[in-house]
């Protein structure tokens, strides 16, 4: 069963220099109880995608076609009130910056009670639920933690509190926007293991956004590779990482210094820059930087199935049986 | 090695006429900015060309014409000595604008130097200077002016001193805060690691980054300075009669407010229009050039 | 919190002491003999000398400062020249009127400014926001004494809706409040604008913050986000600003008291200048300065009490 | 061959806390290492490990409280700003933020020739700008741009150009790949490798990313709470980390290979505060292998096959943490 299904989503921002086509024809599914990773470098449209799902696009942004289907609703057509009812209980989010994600002048306990405002529970029942989930994310002395304010916790603990808040209402979908990027590498490992444990416990699906290929490889079942606001490749993690079909995905994997287990003096790179999204080329978005560019790349590319569940948006990709 | 060779003017520091024109057009595109600019230009024009704009002398007493209401002969009427108020308002603009520009320039120069020293110098000096700024600021402006004038007597110099005392702590604080932030920035550390002297760091790396916002804030302070001058003259602590000043005219009008209200109106109107003009212009300049400053000051 | 308060108190004492030194050196450095100024041009040399001795001006400068300094800290501000009453007593008699005026000004600015700023921030970019923006800038720009005179002209002289002069009958609260309306509005009108702008700006800043985005992502109701999550943070700089604003309101009060012929410290100082009652001037200036520093201290402590981050800083 | 840079028992102390209860903490707590001419030495550690403080102390931007720093046999610690100035021509530094380390109101041309102006070197600025920009793979048209008009990778190249302007013998680079996308990181590392071969530079690279180190450094040191826990040849350390912390760091950035990714060593507890350094081995609070002895005695630094290790129980190659094996 599919929890979240995005079909041909397009998002535009109106800017002074004209309309910016931030997302073009983005399609992918998040199946039940699976962790789907979204990989991409800066400017690939990861944040816009999250905001579009949550219905929190900036004032100058708008959805220009396509749909986001979640539990029988098309989120692009829901009003603000209905969207607000889904956010929190059904779709929860953990953001990148643990320092900024918690309100500095409201105690942790009050913030967690406020999240449960629709639950109809009494104050002490809400607090009991908060304590239970804080213990799950291994906050020491969880009962006393409710009365404390965010600045009294370390960065790693704040991020664990943020995760606890997100899972408090046992949502169907957890969106994790680079939740470990601001943490040190060794803390990152612990946080990811915790996240995986809780996901299995609650049985939710996770949309996990990261630029860190190693983390994606370890955590995710499926992977979506984004470049300049387009999905260039998607499939199971094994399919994409072992047999990348799109040149960008292939180059990106090669570039990770961690991929080179032998010492090399010349590391692979992707020369060039992301194109100006106000003037999208009609053809393949990666063509200007691609070393396998061919005449066929001038035309609009559609997603080409390589294997069951494995697609690449490249004219040169070949189906594998 | 000569200074000229070691410091060719950088691209960023060269000001071009084209840029000024571009900036003016951006200000004019905003209705509020255009309104402010027109008001300011009218006031400056009136002050500069005062001698050509009216047929009257600002200080000539004419008992026959006392207390005349506004008419075509006397656009704003006349006062208790029969002087034409429109003429006095134009000439009063000279005083107001001169005080505004002169004292703002002095406050800026002192404020920048003190702020750079406080921000970049040793910690103890910074603390001492902050304490000094806070102490000066703890005198309410008018109280400070009153105390000063009691002893030194009313004069334009007293007005300028009061304005400088009021403005310098604020300017110095802004420069200090920004300098402190920049001192920790990587590009200043990078300059230190290259061996640049403190003087060079302040001149080349700090100053260009703090001066722009300060100039905009200072331009927004011009109405405050005009208000201080007018206020002190209103209390009889500024320019001495018979020199025309908006505040003095307002005071004349206030004394006779029940019988001849036009004198008070004539004194207040230029103050309102000028402060509004400079404020609208300053706000627009800030929004156009430095949106980050919004809501500050 | 305790040590924070103690530190702020120490700083306030240092500021007041330094302000005293500044005031004293200003009096000392500015040319002119205070005794001569006080007695006017017709006094004889003998009279001047007698007053100089009485005022302690014959003693060395550091003794003069020490006497001034210790006197001021113990509430002895000297005696005024005309009636020979203690300056402190004269000032304290007038202080309640000025405090009432400033309290009135603050009430106007808080009661109108905060909701207006909050509303403009929530309706950002709308016509309402723009009108509030222009109006706030306009009332900030126009000096309070011009507002006072024009208000007097319109509401008291022309329309005769409100009384023009005085502070009202003692003991008649209604009459006193009616007399307070125009002067306090003149003092507070500009501050309505300041506070509306400040609240709007800090609200916008806070509403952009990541934690507000997080709160939205949890589907919290907009009212809870606006008032509990955003305004509690956005109000903090406004409280600090109000502390500073008291100083400017003290200045405006001088004008309002003169224009509306109200008793108060401002009127007292102004009259003292006209009669060259110089100990009264310095005494009153010192009292307003201490008042200003105390109110700022209070504002900082309020911020400390409202903000857990400051509260826990030792 | 004598060392170009020689650091001995270096300590940096900070005073922290409120006025009444002010305490000293050691940001760098006694480290020693050498860098030979032409060699690249990497300092690796996580935030708060003291690696950036150490770099600043070497460069004289940060006062030191004990130990010594020598450059080419000459003591350079504690020099006055004036006496240090000539040293700054032969030793340059690059900072973390590619854009933020460039003065925002100066053009690229002014930025890369700034070292000449500071040191009063008379050159043809235009020709030098062109030469330096070409050297780092940018063309002359960049000379008129401002930092905010550059991408992270381009800004980093400008930083490199500025650092090599005066032909230094040593470059200290603080997180040269921080904030850059994976595809751009490689470009910067390639550039640094290329320049060091062409110009015979020695480099000290500061980073938290061990895989960056792998491709650029000859020798490395791993820092934890201001001390070196392991120092030695890069290849050797990568083949077989001997200190548990090194092993955990190495595993924390795994290969992007779903079939091989299950080899992480997770460190449960948080990094202790410098105000409360643990007794005994300072890593024992997070070490999966820790025993009683580790919480009692501080381990001495042991020399073993040209490596220095501060651990009671150095790991054997391929060791797995005892806890991780117990739970599937």
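Per-chain numbering from 1; labels A, B, C and D assigned in written order.
What we mean here is this: a residue touches a chain if its C-beta (ideal position, glycine included) is under 8 Å from a C-beta of that chain, and two chains touch if they have at least 3 such contacts.
The shown structure was predicted, so the numbers you read here are calculated from the model rather than taken from an experiment.
Among the remaining chains, those touching subunit A and also subunit B are C, D. For the pairs A-D and A-C, the count of C-beta pairs in contact is higher at A-D.
Averaged C-alpha coordinates give centres for subunit A and subunit D that are 31 Å from one another.
Computed from the mean C-alpha positions, the centre of subunit C lies at a distance of 54 Å from the centre of subunit D.
Residue ranges on subunit A touching subunit C, taken from their complex, read 54, 56, 59, 83-89, 92-93, 95, 97, 100-107, 114-115, 117, 149, 151-152, 162, 165-166. Every residue of subunit C that touches subunit A in the complex is listed here, in rising order: 125, 209-222, 224, 228-229, 232-233, 306-309, 312. Those residues of subunit A whose C-beta lies close enough to touch subunit D in the complex are 41-42, 154, 156-157, 184-190, 193, 211, 213-214, 216-218, 237-238, 241-242, 251-253, 255-261, 263-271, 273. Interface of subunit C with subunit B (complex): residues 11, 14-16, 18-19, 22-23, 26-27, 30-32, 34, 37, 134, 137-138, 140-143, 145-146, 149-150, 152-153, 157-158, 197-198, 200-202, 204-205, 244, 247-248, 250-252, 254-255, 258-259, 266, 269-270, 272-273, 276, 278, 281-282, 284-285, 288-289, 292-293, 296. Touching subunit C in their complex are the following residues of subunit B: 32, 131-132, 134-144, 146-153, 223, 227, 230-231, 234-235, 237, 250, 253-254, 257-258, 261, 264-265, 268, 271-272, 275-276, 278-280, 283, 294-296.
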